[in-house]
Amino acid sequence: MSIDKRAGSAAEALADVPDGATVLISGFGGAGFPNVLIRALRDRAPKALTLVVNSATHRYSLTHELIEAGLVRKVVCTAARGRDNEPSPFERLWVEGRIKLECVPQGTFAERIRAGGAGIPAFYTPVGVGTELAGGKERRTFEGRDYILEPAIKGDLALVRADAADRYGNLAFRYAQMNFGPVMAMAARVAVAEVRAVLSEPMPHDRVQLPGTFVDRVVAVGA
Amino acid sequence: MQPLNRLQIAWRAAQDIEDGMLVNLGIGIPVHVADYLRPEADVFIQSENGVIGAGPLAPPDRIDTDLVDAGSRRITLRPGGSIVDSAWSFAMIRGGHIDVTILGAFQVAANGDLANWDMRLPDKGPLVGGAMDLAACARAVWVVMEHTTRQGEPRLLEACTLPLTAVRCVRRVYTDLAVIDIVPAGMVVRELVDGMSPADLEARTGAPLAFAPDCRELTAPPIAMG
Amino acid sequence: MQPLNRLQIAWRAAQDIEDGMLVNLGIGIPVHVADYLRPEADVFIQSENGVIGAGPLAPPDRIDTDLVDAGSRRITLRPGGSIVDSAWSFAMIRGGHIDVTILGAFQVAANGDLANWDMRLPDKGPLVGGAMDLAACARAVWVVMEHTTRQGEPRLLEACTLPLTAVRCVRRVYTDLAVIDIVPAGMVVRELVDGMSPADLEARTGAPLAFAPDCRELTAPPIAMG
Amino acid sequence: MSIDKRAGSAAEALADVPDGATVLISGFGGAGFPNVLIRALRDRAPKALTLVVNSATHRYSLTHELIEAGLVRKVVCTAARGRDNEPSPFERLWVEGRIKLECVPQGTFAERIRAGGAGIPAFYTPVGVGTELAGGKERRTFEGRDYILEPAIKGDLALVRADAADRYGNLAFRYAQMNFGPVMAMAARVAVAEVRAVLSEPMPHDRVQLPGTFVDRVVAVGA
């Protein structure tokens, strides 16, 4: 039976997401948010999710809908500050103690996810040394410089946005859509991509930016 | 005494960018540095979201919602520019490949400690983004900021009171009043705005200042705040 | 008694590859597994040098010296195939994304220990390549090898005597005489070549063998050694 | 002065390589060997080099010429076994104790080089646990599995082969040429690429596989 990772709809692609799942969601700087998948996840409504997402409050991302719907137990992110004076949905729940937060420097965030997908359980980084985000972390000196130990992040599910896919799950991104997509897909047990279009032919090898071997399901959602 | 406005601070920092540098610009005043680069300085601006060679803002008819910088601004890509994923982008940052990062700050200490990520506002979440990676790992860290808070409190201090971004990282600070280098002995004023005495500056600064023997006047061309 | 030849061993292993698997094949007998995959099993063959979807050897008129596998063979790329750099290739391997790796071996122990990288030959350097990564991190490790050395010494042992590649990693062994699973209790014979008694196999094996209640005959179609 | 990384010749690109340099050389599986640069390095003849190269003996690589010329003090590699019964140049010197060898599993080799370029001083890996290549390395358990600590590798110089470059040093690779090129360029203080052709125009962004920010000098050498 030949490989075919095309799902009929976002809902179908997410039909098996369980309560308690750790969900990695791509997108940064206004590009690459898998908003169709995020909304389908909200509709499916699994409970007690842990979200691993660059921003808990980005205005172009629908991540806040998962938070507002009360589906999220914890957010691991680099940004949790809303733009407005009025608290964002995340900030409201966080101040009330109803949602947990792990704030991570962005490079450490990307590298911990990459490590999760690449079989590295932990690595040392100079980032955060001497700051409160190093609190409780092992500190170690290599060649006269201080570093802290950071653990890998893995997910049950990754939601990724790309431009094009083929039946094998190969992905091509437009411009800054890429951001966390490749590492998140690699680090998750099940990676689902929404794309503008699914090609009818296999993607040419030199256009593939993320091999389909890291992608489990693709959904065409249009522009 | 005419302090520089925010765009003039950006202009002044831009004058120190050298040919061929790879530069990362923070959100706020720093991104405006790009507008004042000398044309002959062939600079690549890196944005944490993976854009290498960020160009000017896109004109309305050329906006592409997928071509953005880390501040979600719709930009263009300069000739020779390219885009990598976040792991590569931060490999570039953490690996020491960024020649200089220009960041905003809440506070800078005499030993180079930087606080620029968390003002501890009530009801507001933290936002660290790439600040810690950039501050800890760029080859040079320059800060552009106003010399004091709106309430007139100094931002240059003996020790930061807000949460640190990175320790002993800032090499140079551009403010509306002065250009200050941070060296092992502390803060050294390189340029001072016309009409301000060393004592005036010291009164607005929370750390001891040395004045360079060749301390010059801090000047900038007129630039209207947009 | 007719032992399988090397290509027949590869054929037998190929029968166990399931639909849609991502498979890595070692140098030697293992690469030939690709030649005997069932057409309906839509398999991607990964090669450590970053090729995902290695196809058959290139015909003479389509050789491209840049399109090679880890064994330096000039290959083709299957539809949907792509190529990544070595860091990504081994992220894929070490991260547990390879469904099965089929490797050659010098020795396999009853606990699944594998020795396949260093025969300790005088005057010859070591060659570890990607063997340790694959053996330690693929979801399943299968070995294809001849049951004994040319001198008749067993390769299936209580404990390996040659330097280990990885510990407790081998799940299944295909030899010219048998198919053997390695389970926590030790080696279990699943298939045995016609005309060989359990006692005969035990005499050629350096570790205790259990025989599955449903132990079958190991058969393969005739394949001439090229 | 506008950026221009084009060097006039391989010799010019390597004119400043000092004795004692650590040199990373790409190439694997028969593709991506920077053989023009390797020969230019042999002609320049710096002494006491440490080579970081996948194979010390590959028949399609000219690495052996550096070894035969007596320029190499140490090789860090994954493969040091010649194909023939007769010892290779490396094996001859190694058996005589005149060259040092550090044999590294290939994924660890790639990851250590990537770490060197990415500011990671050390990371944990499951590869090699229980083998003699783990000898002397720190061992640690994460979530019930054993890992060893591996240090980063950095270089003074990287020699890389690609297909095309532009004046900014952007590189595009053909097929399996890529292999260690990107990570080696990132991990070296000076990265030099030989390419089939240098484009007269800037490379289109979606063709760039290694940004020129990681590449210092490019030399066109033809096919």
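For clarity, chains are labelled A, B, C and D in written order, and residue numbers in each chain start from 1.
The rule is short, and it goes like this: a contact is a pair of C-beta atoms (placed from the backbone, for glycine too) under 8 Å apart; a residue touches a chain by one contact, two chains touch by 3 or more.
Just so we're clear, the structure is a prediction, and the values are computed from it rather than from any experiment.
Between chain A and chain D, the least number of touch steps comes to 1.
When the C-beta pairs in contact are tallied for A-B and for B-D, the bigger tally goes to A-B. With centres defined as mean CA coordinates, chain C is found 56 Å away from chain B. Centroids of chain A and chain B (each the mean of its C-alpha atoms) stand 29 Å apart. For the pair chain A and chain C, the distance between C-alpha centroids works out to 36 Å. Looking at chain B, one finds that residues 77, 83-84, 90-91, 93-94, 137 touch two or more other chains. Under the contact definition stated at the top, the residues of chain A that touch 2 or more other chains are 111, 114, 118-120, 125-126, 175, 205. Contact between chains, per the stated criterion, is found for A-B, A-C, A-D, B-D, C-D. Within the complex, the chain A residues that touch chain C are 1-3, 114, 116-120, 166-168, 170, 186-187, 202-203, 205, 208, 211-214. Chain D contributes residues 28-32, 56-60, 78-82, 87-88, 90-91, 94-95, 101, 103-108, 110-111, 113-114, 125-133, 163, 174-183 to its touches with chain C in the complex.
The touching residues of chain B, counted against chain A in their complex, run 47-51, 64-72, 74, 77, 83-87, 89-91, 93-94, 113, 123-133, 136-137, 163-167. Considering their complex, residues 111, 115, 118-126, 142-143, 145, 147, 151, 175, 205 of chain A touch chain D. Residues 19-20, 22, 40, 42, 44, 46, 52-53, 77, 79-84, 90-97, 137 of chain B are the ones that touch chain D when the two sit in their complex.
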